[in-house]
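First chain written, first letter: the chains are A, B, C and D, and each begins at residue 1.
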Amino acid sequence: MNTFGKLLRISMFGESHGAKIGITIDNITPGLPIDQSFIKECLSKRRPTGPNETPRVEIDDFEIVSGEFNGFTTGAPLTILIPNNDTKPSDYDKTLGLMRPGHADYTSHIKYSGYEDYRGGGHFSGRLTAAIVAGGAIVLQALEKIGIKIGSHILKIRDVEDDKFTDIENQIDELNELYFPVINQSVLKEMSSIITEARLSNDSVGGIIECGITGLPVGLGEPMFDSIESVLSHAMFSIGSVKGIEFGDGFNFANLLGSEANDELFYENNRVQTKTNHNGGINGGISNSMPILFNVVVKPTASISKAQDTININTRKNDVIEISGRHDPAIVRRINIVLRSMSAFVIADFLIQRYGINVLREGFNKNN
Amino acid sequence: MNTFGKLLRISMFGESHGAKIGITIDNITPGLPIDQSFIKECLSKRRPTGPNETPRVEIDDFEIVSGEFNGFTTGAPLTILIPNNDTKPSDYDKTLGLMRPGHADYTSHIKYSGYEDYRGGGHFSGRLTAAIVAGGAIVLQALEKIGIKIGSHILKIRDVEDDKFTDIENQIDELNELYFPVINQSVLKEMSSIITEARLSNDSVGGIIECGITGLPVGLGEPMFDSIESVLSHAMFSIGSVKGIEFGDGFNFANLLGSEANDELFYENNRVQTKTNHNGGINGGISNSMPILFNVVVKPTASISKAQDTININTRKNDVIEISGRHDPAIVRRINIVLRSMSAFVIADFLIQRYGINVLREGFNKNN
Amino acid sequence: MNTFGKLLRISMFGESHGAKIGITIDNITPGLPIDQSFIKECLSKRRPTGPNETPRVEIDDFEIVSGEFNGFTTGAPLTILIPNNDTKPSDYDKTLGLMRPGHADYTSHIKYSGYEDYRGGGHFSGRLTAAIVAGGAIVLQALEKIGIKIGSHILKIRDVEDDKFTDIENQIDELNELYFPVINQSVLKEMSSIITEARLSNDSVGGIIECGITGLPVGLGEPMFDSIESVLSHAMFSIGSVKGIEFGDGFNFANLLGSEANDELFYENNRVQTKTNHNGGINGGISNSMPILFNVVVKPTASISKAQDTININTRKNDVIEISGRHDPAIVRRINIVLRSMSAFVIADFLIQRYGINVLREGFNKNN
Amino acid sequence: MNTFGKLLRISMFGESHGAKIGITIDNITPGLPIDQSFIKECLSKRRPTGPNETPRVEIDDFEIVSGEFNGFTTGAPLTILIPNNDTKPSDYDKTLGLMRPGHADYTSHIKYSGYEDYRGGGHFSGRLTAAIVAGGAIVLQALEKIGIKIGSHILKIRDVEDDKFTDIENQIDELNELYFPVINQSVLKEMSSIITEARLSNDSVGGIIECGITGLPVGLGEPMFDSIESVLSHAMFSIGSVKGIEFGDGFNFANLLGSEANDELFYENNRVQTKTNHNGGINGGISNSMPILFNVVVKPTASISKAQDTININTRKNDVIEISGRHDPAIVRRINIVLRSMSAFVIADFLIQRYGINVLREGFNKNN
């Protein structure tokens, strides 16, 4: 449904063209500082800007209506509201009855027996991720204070590939400052060209994002059904357009021998490490002291202006659609901060399950 | 944890070398026939056989100790026990203190503060998937009776690739009869050679499995956090060795334009279909009438006989391990039925959430 | 935490003196009419009025910001916001550091490590029940349309007792129209006198409420941990001031013999009934066709103006408190609609679990 | 369903006349000692003995088949199996089709569409509480080691009343040694006489049990839906025959003024206490340092040998039943240890949620 998490629990609500979207974060550690400017900074990373992104003006004024007192979390449910200001329903009237290919228009129409709010994708709109980012900012910042960093960059768009993480701790700090996060700055221009080209041809592109998490204690995650991979993937696939995830060497494991895929362990200064990190920091679903590494693939934006065949649910006939609203030729840049936010919720929940409710404020003993 | 599912809920227990492993299926539709021979058939698909698989004799005698009456499910929790007969703890004494690379030995040792049952990987052993298969058989059979089929085949081992699903309804029926499920029989020999070669060199290989689900109603799945992708991936990553999942075109979406990635809709005989199935039967997390398609990557078996560097947790020194137990050079064949079983639990749970508890016995109206 | 329900799930947020309180209802049946005037009517039943209730003006303007489209539920999360207008924090400044006896001041102070919003009880305030009532109204109305009624009346205040339910179907209809719901109108004056007396002596009173639910199908509820009694009691105790619940003959069962306590069954016109209803419509946690009956005890309002000994958490010394804010000498009248609302959520959730998501719109077959 | 708990989670399975009953405890703190003799001692408290209890021989051999290693919990799911040896299905053949009044026979028949295992009440049998007791013993013992005691006694059977807790810490120790736990030994004979009388007249009696929990930290429990009262009542009502629960002064709160019901706070030696304990150790759903106190009412055993009117579900006609099986004239003595066991699970779960997974082994800092 629209609630996620076991102890740290988020609930989402809202539609693309409704009055407000929002997030409620339940059972959050009391006493976490709420840094309005950092929330704004995170929101600005998700906000569309520049010629290559939707001209919909997302001001993302947010209001924290509960769970905050004197600038800190109280421990009671923290709710953030974001109003929908720049909605132009007229854009969508034109497509009324025409099911947009690649979107949830048809599936939600059947699921909700025709009662769905279809405007702009309604509840299925990427618009809701703004609330995830606003709430995630609080948790991202708390994690950073106790030594856990989460970073990501655009690894691939069509045939252009960025470098993979090498010196991850430092790279994360740098990437988190960038508008368009890539490790190898020389790919920036090529990627931009691809996106511009897609826009000019009324089309869109997707991409692959590499994510990394550092600073975790060993022993985080749960056996079987709540492995780190299970819960992180669950979280990632709740973000629209995500269609694949792989941990460590991922699909390349099919090409390797066991002797190439295993990560040998060794002590260095009494601390356990592995020589390689094929397994992406996770063994048996549990963190092993190495950085968590995973790739997420984002499909090309489904909304394109090109004419497409589709059905009209009102006339019950085949028809043609040209989507004239405001759309992104690529959301892969904007989705970075969403992935990081969702990852933050997952990691924070695991920490609370293991160390108790105050861990996000007090930290944990790395040797335990 | 060790419980999965919202309304149809499974709980797992047991260790590789404990007395018994087991599964409890809670809130299952009453009145489903329990076909002991089909359960045995499914177990036999997971059982190691032939020179290329572990010589551990897994007899998989199972006992249903609750939830069955007169050959039918009662609706009360159904528990299946499987005893561990052919355990040779001596194999593992040798490795005591030596953390096997690629396994959960070290991570579980830290997680459980040193109290873990380390024999054969304990609770993290693939042995537990036998219970998943036994329970999954009941649900797989029920689903088939109401028109839903789940099938899979080995798509790739190293550089050998099987064909992808084309005529999926018929292919599933054929694949489910095969010992080593591939669509293009000509790849069988090559794949076997690769596995044999790995075995002879004391090594192992992984692979990619393609799964398909047909016959679903439109509108299954939930928005945001319980998308079909979220819940299926959660289930798949709870199976040891799985390190990646992709739906539809998956990671290849990064290479496509939106106009290539969208699936155009059309009416045929008043029934909605899409011309292509890039999205793997899912839009916005909800089923769209096309077959659900996804690939899962399985890493090479972590247990290999080759010498590997590692740590000894008892001496707290670096050391070398040669794993002498009984191991599989490839588990990719055996894991097929496990993926299908877990998928069955996921789909059945979604159906019950939408149509009520008796849906697995009574079926559903496809037009609703 | 602040989320309740298995399939139909409510999440609460807000504080007595925060910006807004709210409720999110997730996974609600799409297509339920939203009757703003009925929501207002329900809110008016909870609102303090008359000399015997707090003069805090609770206007209860509410705003539905998501999950509604064209006057119907969409199936997406429905969020209702209620602003806090008439807050007078100055009332509470006076008691800063003084822990009010009978309240959660001290327990929440420790629980939240001193970060709690202490104003007016913060998140523990009865104020939040306004949001429960607003959301419950939608479900209460839907239930009524499919034949399920929920009613309650004030059974006892100190030594004055109302009659118990006899002709429950008709009595519920009448009670739901009343400002101060009692079956025997002659106790109304006596109860009012007791409340007035308590008010004039700066004190307060509690009471017992009898609740009834009619029209349920047989077979609702789950075995063991989700018996109707378990889930209803869970819901009732989530309402502040509730300190006891009993089903059917309740605590009087201690005085009865088995032959007096059992309800004998019989067929009448092919329909099963019981001659008596000692068990309050529930056997083994499952509904049995008779009305569900339960009593709930509400303790006297903890806020009283009389001087009370207490501690000052700032000075860490013993002290005396005189609570000068605006308080109710009795909340037993106002709490009726809250109990009915929470009961509605519980019953609707059970129905959805058994019959599927559309049951609140389409109803159910009583013979199944 | 049959799973309970948020982080510490128990799952139950089995039927009165099935092969085995069992419990799985998931996410239990690793490293807790498993004391087989204490488990046996707890089981012996639940076992029927003496002329006034069912002659069914419940040997309660139990087997721990997972989650234990070298005498300690491992942290993996711990499953305990108890075989059903002395089943006499013939007793129940006689009543086939006759729905026993006061039992779940009819409600489960409808709920499970006629597929229920009806023998001896099947899954609804009190027999399953043996597994709760076996598992609860491990947790009860762990709690005692970190300073938390749970005790209970028979407060009332018909018109005979025991004293209430006064010096609870010491009284719990004494009560836990007794076969028939009462504080005032002089009521023992009277209570026994009432039970004997009921037995001789083929009838049964119920009673009220007072429970107490000491040694909790302040601040345990969650706001709103997971108040201590909510979760404890949820747990208590999952035990068959329980029909009411009240905390602190409970239903007597209806007779009190606020000034009589509030518990005034004071510092003594820098430790906060309350002068009275009307609220049973809980304010706003959160523990306040005083003992948790609650009463539970148990209805008279539904199985009586007296002739009772009922329906025959096979003939669909009215009929008469005389239950000739082996029954208890009173289960109130045997149920004590069940209530204590369920309370232990609830408290342990709250502790883990607040302090992390290792709290049951390492304890907690009372000042936090």
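To be clear about the criterion, a contact is a pair of C-beta atoms (placed from the backbone, for glycine too) under 8 Å apart; a residue touches a chain by one contact, two chains touch by 3 or more.
Computed from a prediction, not measured in an experiment: that's the story for all the values here.
> Taking contacts as defined above, which has more of them, C-D or A-D?
By number of C-beta pairs in contact, C-D is the larger.
> Match interface B-C to one of B-D, A-D or A-B, accepting only the pair for which over half of the contact pairs are the same residue numbers.
A-D
> Let me spell it out: compute each chain's centre from its C-alpha atoms, then which one is farthest from chain D's centre?
In terms of C-alpha centroids, the chain at the greatest distance from chain D is A.
> Express in whole angstrom the distance between the two chain centres, defined as the mean CA positions of chain C and chain D.
Between these chains, centre-to-centre, one finds 26 Å.
> What's the distance between the Cα centroids of chain A and chain C, rounded to whole Å?
The mean C-alpha positions of chain A and chain C differ by 38 Å.
> Please tell me the distance, in whole Å, between the geometric centres of chain A and chain D computed from their C-alpha atoms.
45
> Of all the residues in chain C, which ones touch at least 2 other chains?
1-3, 12, 27, 76, 111-113, 123, 222-223
> Applying the document's contact rule, which stretches of chain D touch chain B when the two form their complex?
Where chain D meets chain B, its residues are 1-3, 9, 11-15, 18-22, 24, 26-27, 30-31, 63-67, 69, 72-79, 81, 111-117, 122-123, 358, 361.
> Which residues of chain D touch chain C once you look at their complex with the stated criterion?
Within the complex, chain D contacts chain C at residues 1-4, 12, 99, 101-108, 110-113, 121, 123-124, 128, 156-159, 198, 201, 203-208, 218-227, 229-231, 233-235, 237-238, 240, 242-251, 253-267, 270, 272, 274-275, 279-280, 282-288, 295, 297-304, 306, 308-311, 316-318, 368.
> Could you pull out which chain A residues touch chain D in their complex?
That would be residues 6-7, 27, 76, 222-223, 353-357, 359 of chain A.
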